[in-house]
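See below for the structure under consideration.
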Amino acid sequence: MEERLRFLVLNGPSINLLGEREPEIYGTLTLANLEDLCRAWGEERNIEIRCAQSNHEGELVDILQEARHEVDGVVLNAAAYTHTSAVLRDCIAAIQPPVIEVHISNTAKREAFRSRSYLTAVAAGLVMGFGIHGYILALEGLLEMTGGSRIHRKKNS
Amino acid sequence: MEERLRFLVLNGPSINLLGEREPEIYGTLTLANLEDLCRAWGEERNIEIRCAQSNHEGELVDILQEARHEVDGVVLNAAAYTHTSAVLRDCIAAIQPPVIEVHISNTAKREAFRSRSYLTAVAAGLVMGFGIHGYILALEGLLEMTGGSRIHRKKNS
Amino acid sequence: MEERLRFLVLNGPSINLLGEREPEIYGTLTLANLEDLCRAWGEERNIEIRCAQSNHEGELVDILQEARHEVDGVVLNAAAYTHTSAVLRDCIAAIQPPVIEVHISNTAKREAFRSRSYLTAVAAGLVMGFGIHGYILALEGLLEMTGGSRIHRKKNS
Amino acid sequence: MEERLRFLVLNGPSINLLGEREPEIYGTLTLANLEDLCRAWGEERNIEIRCAQSNHEGELVDILQEARHEVDGVVLNAAAYTHTSAVLRDCIAAIQPPVIEVHISNTAKREAFRSRSYLTAVAAGLVMGFGIHGYILALEGLLEMTGGSRIHRKKNS
Amino acid sequence: MEERLRFLVLNGPSINLLGEREPEIYGTLTLANLEDLCRAWGEERNIEIRCAQSNHEGELVDILQEARHEVDGVVLNAAAYTHTSAVLRDCIAAIQPPVIEVHISNTAKREAFRSRSYLTAVAAGLVMGFGIHGYILALEGLLEMTGGSRIHRKKNS
Amino acid sequence: MEERLRFLVLNGPSINLLGEREPEIYGTLTLANLEDLCRAWGEERNIEIRCAQSNHEGELVDILQEARHEVDGVVLNAAAYTHTSAVLRDCIAAIQPPVIEVHISNTAKREAFRSRSYLTAVAAGLVMGFGIHGYILALEGLLEMTGGSRIHRKKNS
Amino acid sequence: MEERLRFLVLNGPSINLLGEREPEIYGTLTLANLEDLCRAWGEERNIEIRCAQSNHEGELVDILQEARHEVDGVVLNAAAYTHTSAVLRDCIAAIQPPVIEVHISNTAKREAFRSRSYLTAVAAGLVMGFGIHGYILALEGLLEMTGGSRIHRKKNS
Amino acid sequence: MEERLRFLVLNGPSINLLGEREPEIYGTLTLANLEDLCRAWGEERNIEIRCAQSNHEGELVDILQEARHEVDGVVLNAAAYTHTSAVLRDCIAAIQPPVIEVHISNTAKREAFRSRSYLTAVAAGLVMGFGIHGYILALEGLLEMTGGSRIHRKKNS
Amino acid sequence: MEERLRFLVLNGPSINLLGEREPEIYGTLTLANLEDLCRAWGEERNIEIRCAQSNHEGELVDILQEARHEVDGVVLNAAAYTHTSAVLRDCIAAIQPPVIEVHISNTAKREAFRSRSYLTAVAAGLVMGFGIHGYILALEGLLEMTGGSRIHRKKNS
Amino acid sequence: MEERLRFLVLNGPSINLLGEREPEIYGTLTLANLEDLCRAWGEERNIEIRCAQSNHEGELVDILQEARHEVDGVVLNAAAYTHTSAVLRDCIAAIQPPVIEVHISNTAKREAFRSRSYLTAVAAGLVMGFGIHGYILALEGLLEMTGGSRIHRKKNS
Amino acid sequence: MEERLRFLVLNGPSINLLGEREPEIYGTLTLANLEDLCRAWGEERNIEIRCAQSNHEGELVDILQEARHEVDGVVLNAAAYTHTSAVLRDCIAAIQPPVIEVHISNTAKREAFRSRSYLTAVAAGLVMGFGIHGYILALEGLLEMTGGSRIHRKKNS
Amino acid sequence: MEERLRFLVLNGPSINLLGEREPEIYGTLTLANLEDLCRAWGEERNIEIRCAQSNHEGELVDILQEARHEVDGVVLNAAAYTHTSAVLRDCIAAIQPPVIEVHISNTAKREAFRSRSYLTAVAAGLVMGFGIHGYILALEGLLEMTGGSRIHRKKNS
């Protein structure tokens, strides 16, 4: 019997304030709304969507490490860690499932320090500037990338 | 009667060599294949997809200017002009339809000069690293962005 | 009945070693002494002073997020995270209560990397170089800024 | 018999959108208005004003090269090519008639990349920030510079 | 009765050596000649031209501050202070009359440090490279800018 | 008999325009108001407050030099000289009374050149972003620093 | 009775994936193997080896702080935190036991950002490029440094 | 029957002004002379020399693309595009025939921006500073490189 | 009758505090001692030594301008203006008598910003690190340079 | 019969002054002591230790080249050539035996230019900050690296 | 009787390892082969070719100085000294015979530090990327440059 | 009996070409003339002047090392090694006699790379721009510095 694909949607620091924080930029949808949207997308396609959020760099690493034998791909919005975390970069490089980098807003319109991403060079793809809908585009890209089959997870894990 | 949406898929220098040039990076699909893929996507959704390619910076500007009252959105792969053309940036900023920046490969894995994009800060969104499929993700993002209706084209143009 | 103002005094990494670490620079007062000093200042003015310290970037973010509906202002010594944490910057920008950046020593006399602060541009004010007394100056500035009344906390939170 | 002076007013990329593009910055006058203004100035002084515009770097070079024996001076607004075109710089340096660099807006108020001009060092003069009227100031400066006589054009060209 | 327009022509350090200093670059006209030229231009148009020169950064600031209710516009050649004086920048930003930055020679042809101007971003316009005649172009630009009427001076000052 | 403490409040270029210049940033209080506020603070504590302002870098140095045997501490807002004056830095380093650097607004929110301070590394402390009230915080910090007694002035000076 | 020396071997983010992650670079030995190797080295010399690993910057700081009265020296492989953590630097500087920086691979052969270490300037020594064996070299260096006796730990701690 | 080798000599912007432009630097030979020289060299060796020149970046790309199945090697003097054209770089990398970069003058003696070449890293060789004769050296190098036989052209193209 | 040579010894900001300021660096000799030393040197050689000091950039310029027809050479210690004053540079370049740059201490041992001198490139010579005696070396160098005769002063000035 | 391993201990400029130069940094042991220490280490393990020192960049290259068929590994302290010698880098890359870079002091605590090493990227390992003992650690690392057998020397050389 | 032309072929550090070192890059020809090739070229044209190689910067200078009256031109491959030797630059600038810079490989494809050449700006020409054959191209360029006659050597030297 | 002072005048690369090389810059005096001048200066004062020159960095170090117990001071013109030799810097720092850095021309008027000196920060003084006479000024400074007595040489060396 063919097992379902599993994708992880992982959000970084202060994404839990979504809908509350600068709504003119980030909209009024909350993190719960966002995760529901992703799960709904998964249900339509019989794909399991796991969701997680943390403000801790180390916890994001822990989650990615634990997920490495559990999921077939990751959609990651590392928020500001994108610009400062060589540690996340090394973790992404060390695990097998492809990681898609997502940003809700267009970081190129913002402060200069946001033009540097530690993650893009090790990410499988990047989607930026589409608001919440970017997560869906990233999931679709991930689905295309994995060919719709569980190629990345080990049998016995 | 509701008019169809129209999107422009505009490709820059040497994308016409697709399929021939470094196939291990860019795959074996040609520009014609790519454009067919986009047109097929449009037909399924009753959206008109116009395609163009040029090696000339000025011609890309001409096409974008002419398209500004003709289409509801643009998917643009400016190739190497991405990193050198302030002129394209100003043109994108000057026209109304949203422009999605697309790159077939992940430019962050390549030479340092490719980490600078003149276009991202004025683009409505960015999709990178998904191969040819990135154009489809960009078109879907554009569709979401325009709300599926002809809001960007002037009546009488 | 008018509720008391509440301020949070939040200290970052290795401030818990105060009094032990390089006493010729930081003096012999401990973190407990510092917090007592702040609480005493609060008691004289009928202001509640909450104190916290953490070596974890993510925990500092958690505390600031939890405090955002609980306090009317924050005095933050982020220590070395000042120079590396875009995550703290985003968190400060995302919450409503004003945050005063404090440094015990004069960071401009030290290594070059300390001349960069991710936090100052989103802080409401900066006090630096006054030793432990700088916390009191920051609290007084905060009191002036909030006008002595609970304007920043939501009713029902 | 004394021949009339001839000046070229040459505009670069997207100046043809003048009046339509960001009117709060560039005003509502069109390129046609601008060229009429310049021609009117010329007619009052019995000076022939030739006008041209192109979005193409190479075409701007072609025009300048062709004009080198035809006109006594050039007013050039190279728009965004100002900041990226070493080719235009070399062309200006290679031809005899003096070239005045003009910018409608004050580029120093804009993005950092606009602070670099490839052209200024080889231009005979620079006029910036006066809106459309800057072209007239440039023409007057050119007239002063050429002493009101056809000193730069070859007899038999 | 309509009052006359008043413009200030303000020259910075070592411009008083004009005509004596490097005449192959700056010509043989003296500062007195330059000021006469400007005054003559004013007389033809019934505009009062006030002239001043100082080698002192602080004095240039004093003069601009005093002039802020007295004149309708300023033509300023700050000479080398252009490249080092954030103080002049702040003063120009703080006063109401528009300030036109003028340079006799083309600073882009000279040392690298001259490519930085503290003033341009707050100036209303820039004229460079036209020799002494640049002052007249600047005055004409100023006249156009102020619309030929005393709009910038307060009634009762 | 114990002599009174004496503090100097020294303001730099264009601070004399306070209340008039960009009131949305700097408020509507004038320099006179600011100095009265400081003097009132001093009178409550039997401390003599001397006030001075100059647009001249050299005069600020003269005043600091003359004050070096006359006062027990200095509150200095050097305005834009903060970012350009190595001369003020050397003067502060050369005199005995502690100097507190003050800025009314948060310079970290402004142009990049304002992120460099020549003065902070030789200042005894820094207070920034509290508006006019920052002067009072600086005076209080100075009072704490000098221990409330005339330790810095020489007997016979 | 003479107490045994105690050394801490502390590993940073993703070192727990050793043996699994890029084995062509890092070899097939696991973190457990590495820790056994270190403990075996200690047993031969009657030195207690404590081992710890964490992906969390704050936890690495917590461990170092707790160890400061417990151990006589530290061998630290901070992995990617080496290049981003000013917080670890301050912690190392604040504690008494000497810290030896270790890297398994030669970071100078890798990305440019790895050429910057926040830690080396406060480390007692650096060992790089010897693979797993580098930990043993570091321990031997530590033993030499501490002279084989418990000079760094306080009596009563 | 063995076909003749074919080389393309491609010149960039303003090389068509050769002989006229700054003859003290570039000599008095014209582009026609240069091309004759190259053709003469080819005739002696039974090699077909094709010549082209354009001021247009896009046209240079078009020509290189068209030539990719037509010629066995290219001698390219891209003039100022050398320093700004990532597009030419990508085109050279995308085509099979080796491209030799040539410069008539020694660009290292000129402005700093000329020290950057986008092309050298993808060129097969570089010849600089030998004047017109450098084209002959480049052709000889190309001949050596191709081994004197048509190894780079496809049979049926 | 042969007139005496005249040299100006000009000191910049805070040199008037010499002997008082950081005596471990600058020694205990005062500015008066220094000037006496220079005058004594002059008397032995029948050379008139004029001395001046100012904290004002503009005044230093005024003095140099006034001296340009009065003296045969200048020994200038511009102190911190050395590193910030493009204005002094232009003044030195504009006047005829040679200017020798002197520094009492070795500025290369101090802060990084002191490694930049605006003046050296236009100075006739530089003497640094010899303490007060450096002024004498500079005067001797000046004497050698002027050949011991009044070649630089105009007859009738 | 198994031949002995041979290691070269090569010291660069001014290491011959060891014990005499800045003993508070480098200790009182001389170069002879250091070499004896290394030889003693070798004798215990039946390894031949060859020692050499030179102040000449070219001679260090000569020695490394001659040693390339003679020894099984090199311990190199290139002293200040570490920061300036691309030539040594190329030589190390060109020879077969592994080279361990050693520094007696911790160069990261010193001037900024010492943070750049030309050698590390081509070295097999790096040991820094352990004083003289670092040479022993380097030899042990080399021994581990070569597996205790003569794998790097050619049979017949 | 007309004397023969004499050219010097001078090779720098580690070029003596040619054929042994990284043959996939540099080929299998040795330095002796290279020099034979050059001498054979000379014999065909009755030109004396002198060859030399050194690993020593100072020796390369000595050889160039000695050759300055002995030869009519130099072909110099300074290897890694190209990127670090201002001393070689000054020597080339100080001697009369033209020096052609040669590199066997294309340094633009390698580490960033190789993009800086101290020599190119004073070289008469540059040939790069043609392998061993580049020396022949350089000699031919030299022959063209010297016009085939002994114009650069002094009669009596 | 009082021994004579001994000074070393040490010249670096290509100073042996003095008088021959660019005489318009360096004059027509030769190195022998220069050394005679220095020796004559010494004879008048009963000071032994030793002279040496080398093109080799390592030899300059050897000479300085040997001289460290033999002379009381050094006048060093390291020529282009000034800008590249960290090795000379370390050698100067390691020896006791004071070293005066001399340059014949004013290096600040030349290429940008000459603005960096490795030596100045460890030199006792700097004399630049006085031509050959600068050596005499340096010797006089050295004499003043050593107080005219043999304080720097060891008795028994």
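Order of writing sets the labels: A, B, C, D, E, F, G, H, I, J, K and L. Residues in every chain begin at 1.
Just so we're on the same page, a contact is a pair of C-beta atoms (placed from the backbone, for glycine too) under 8 Å apart; a residue touches a chain by one contact, two chains touch by 3 or more.
Source: prediction; values computed, not measured.
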Need the graph distance between subunit D and subunit E over the touch network, please. 1
Subunit B to subunit H, fewest steps along touching chains: 1
To lay subunit A over its twin subunit J by CA atoms, how big a turn is needed, in degrees to the nearest 5? 120
Looking at subunit G with subunit J, do both copies bring the same residues to the contact (over half shared) or different ones? same
Taking each chain's centre as the mean of its CA atoms, subunit J sits from subunit L at a distance in Å of 32
Calculate how many whole Å lie between the centre of subunit G and the centre of subunit I, each centre taken as the average of the chain's C-alpha atoms. 56
Rounded to the nearest Å, the gap separating the Cα centres of subunit E and subunit L is 50
Multi-chain contacts in subunit A: which residues touch at least two other chains? 56-59, 84
Applying that definition of touch, give me each pair of chains that meets it. A-B, A-C, A-G, B-D, B-H, C-F, C-G, D-E, D-H, E-F, E-I, F-I, G-J, H-K, I-L, J-K, J-L, K-L
Per the contact definition, I'd like the list of subunit L residues that touch subunit I in the complex. 106, 108-109, 115, 117, 120-121, 123-130, 133-134, 137, 140-141, 144-145
Subunit H residues touching subunit B - in the complex, by the definition given at the top: 56-59, 61-62, 65, 84-87, 89-91, 93-95, 118
Using the touch definition from the top, list the residues of subunit C that touch subunit G in their complex. 12-14, 16-17, 20-22, 54-59, 79-81, 83-84, 113-114
